[in-house]
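The structures considered in this document are given below.
Both complexes shown next keep chain A, but they swap its partner, so chain B is in the first and chain C is in the second.
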Partner chain A sequence: MAFINMKKKEVQIKIVYYGPGRGGKTSNLEYIYKKFKERIQTEMITVKTHGDRTLFFDFLPFDIGKINGYDVKIQLYTVPGQVKYNATRRLVLRGVDGIVFVADSMVIRKDKNVLSIKNLEENLADYKKNISNIPLVIQYNKMDLAEQGIPVLSFEELEKDLNLVLKAPSFSASAISGVNVVQTMKKIIAMTIASIKQELK
Partner chain B sequence: MVSEKDSLNIQVENRLEDLFGESETNSPAAAEGGDLEYYPFRILKSIVLSMDWEINDEVLNKFIEQIDGLKDAYKEDKILLLFLQILRSLGIYIKAKKGGAHPNAFKIINSVFIRLEKVVLSKNLSEDSKKKMLFAELSKFKELKVQIANSNTDSVRKKKAETEIVKKKKMPVATPVPATVHKEEVPVGLIASGTQDYDGKDIFTNAVEDIKNLIRVEFEALREELRLFKR
Partner chain C sequence: MSYTLSNEQLSEIEEILQHDLIDLGVHCVFLIDMAGNIIANHDNGESSHDIYSLAALAAGNFGAVTAMAKIIGEGEFSLLFHKGVKENIHFSKILSDYLLITIFGNDISLGFLRLKVTDAVEKTKKILGSFDAE
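So, the complex of A and B:
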């Protein structure tokens, strides 16, 4: 549940970008930061090491202003995607309000997407959260690679693999060039705010 | 009349539009690769893009196999051949070391491949610019070799010192990993070699093997370099 300060009329919303290693979670945040840093006036904190990979997490906080009289503060996080960093992933998921699952569209990453979404489900269950109930947006990243002749899964195949049961809103995207990066973020923020409002009723 | 839910949605949308509103290309449907021009480096690119820490022999064998095929196809192009040779040497090194490979090796594979692609795809690039790109990558590669050699020497020294401590004290050394941090999540190289009772002979043999491998890879690259420039 989001952190709500009734006295200060402030809401903090935590959104986590989850997905397999090298799928483009950090690239999503980097694109948002680079493109809108003048407007959101914030700093992106990122811990990169061991060959430029996210070892702990990236963190991008920003305010979106007043909604229903409350100051809404958004915090975007990424998790390290590599299998062995599950403890860090679990830790980052603590108190999560909304999730963007960034899948890698490359054919050779098919299995890793499935493993990663299962891992998300398990880690959420540790916090007594259900993947079907939490605000979730799925992004199929790296679709642009098809233009270079690299085999990528079609939107339909990815939907079948990852979204057949969940039926979450989904976007095909290219985090590097920014295609649908902002769309994805807007969607998850809107869904999360609506869900928090619903919970508060 | 606008419902409460709709009013909230409108407010959120407006706020997000104010902050992030700008022409953003909408998602194209997944492009089909049918009418694409044949791009000989696409499989190699796909392998480079997919390399991560869970590196295994299968991926690296494919990587080396692809490079060998491309070397054969581009045997007349000295610059491309050298780019491919650097990639091959890095592939052999990572295959031997796997997760223990120097972190910069992964960075250099990416950067060499990016430059290689530029050379292949930029039709108007002069020979001089291509050479500049190649030498920039070559110097990164050489720097990496020095870093590897230094880290090998350091680790031999460190292991020797640890062996002596273990022999003197005859008791286990604590592993400096804080209780709250999962041991597997500490960056490679930060975990001291804890309670293991090292055999000095084994350490020395391993270090010699490491150095031998490094020299072999280096010689292979040098021989290839000389061979190409002699032509």
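So, the complex of A and C:
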């Protein structure tokens, strides 16, 4: 739920990276943080377990400059992917404006992706939001693992599993090396801003 | 869904934060929604906290504590307060969608702060009352 501050001429937008555990949501934010460090004035916030897994969320505020005279502040969040943390995922989704679903391309994670996107749909429904209407970009992460001989699902297979009905914009990516990480972020920001503009008309 | 408040509403809220809390000696105060957006903020000119990160964590923290309250059969906890060595942080819910967060030093007692926060919350409620964010 974006907040538009008419007085300060500022818009705050919440984008959440969602997906199965160990899929690369935090790696996406870490890459963005590294890449745009000069433009990000604060530290990236992470609430992790001792085992270095996301416990609550990661948070990265990101100013993208002015659009139509308004300062646009993007707030990037991740959710904890592990199944047991669903209550926390639901909390982080509160007031979300746009979603990046980070799928894991490894063959062994095929079912986890499907379960996670279903879980996203259910959690959005709790906030009376529909996965088909909310700005959504799907990212097929870890495509680079194929080069190391690790079996990964093809782009077409992943589309069939996750995006057959939704038909959301989608990218093959590698969050570790940065392939399509920025493109994914740019796409979700553009879609979310367009959706907010549409709402204000 | 996005939402906004009018300039008049924001000015009135800022006036309350300044007059009721900052003038009292509070270091920093901000009004946020449960999504972690900052609606209004004020400080004493000496505070340099990263309020955007604080807002995100405060919204998450409040949500987590409320969930804990429900598990043990409480609707919610009435006092949410963290004590530090130099600074303390106090949370107060406003209507169903907003939180007032106050950061203050040891020169103000918690009891006195709670009285003043209650006043500020009642006034802010009237401004936000006509309007529920989600």
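The rule is simple: the second predicted complex is superposed on the first by the 200 of 201 C-alpha atoms of A that agree within 3 Å, B and C clash if a C-alpha of one lies under 4 Å from a C-alpha of the other, contacts with A are read in each partner's own complex, and residues count from 1 in each chain.
Operating definition for what follows: contacts are C-beta pairs under 8 Å (C-beta built on N, C-alpha and C of every residue); 3 or more make two chains touch, one makes a residue touch a chain.
In this text, all values refer to a predicted model and were calculated from it rather than measured experimentally.
> Check the residue A:Tyr77 against both partner chains and state whether it touches chain B (first), chain C (second), both, or neither.
second
> Would you sort A:Gly65 into first (chain B), second (chain C), both or neither based on which partner it touches?
first
> Does chain B (first) or chain C (second) touch A:Lys14, or do both, or does neither?
In the superposition, A:Lys14 touches chain C alone.
> Check the residue A:Gly149 against both partner chains and state whether it touches chain B (first), chain C (second), both, or neither.
first
> Of chain B and chain C, which one touches more of chain A's residues?
B
> What is the contact status of A:Thr88 with respect to chain B (first) and chain C (second): first, second, both, or neither?
So A:Thr88 meets both chain B and chain C here.
> Identify the residues of chain A that lie in both the chain B contact region and the chain C contact region.
87-88
> Report the residues of chain A in contact with chain B in the complex, numbered from low to high.
For chain A paired with chain B, touching residues are 21-22, 32, 35-36, 39-40, 49-53, 55, 62, 64-68, 72, 81-85, 87-88, 105-106, 108-109, 140, 142-143, 145-155, 171-173, 178-183, 185-186, 189-190, 193-194, 197.
> Help me check something: in the complex, which residues belonging to chain A touch chain C?
Residue positions touching the partner: 1-7, 11-12, 14, 42-43, 45, 47, 56-57, 59, 61, 73, 75, 77, 87-88, 91-92, 94-97, 127, 196, 199-200.
> So in the complex, the part of chain C that touches chain A is made up of which residues?
1-7, 10-11, 33-39, 50, 52-53, 56-57, 59-60, 63-64, 67, 133-134
> Would you tell me which residues of chain B are touching chain A in their complex?
Listed in rising order, the residues are 5, 8-9, 11-13, 15-16, 18-20, 22, 24-33, 36, 38-39, 42, 45-46, 49-50, 52-54, 103-107, 110, 182, 184-185, 187-188.
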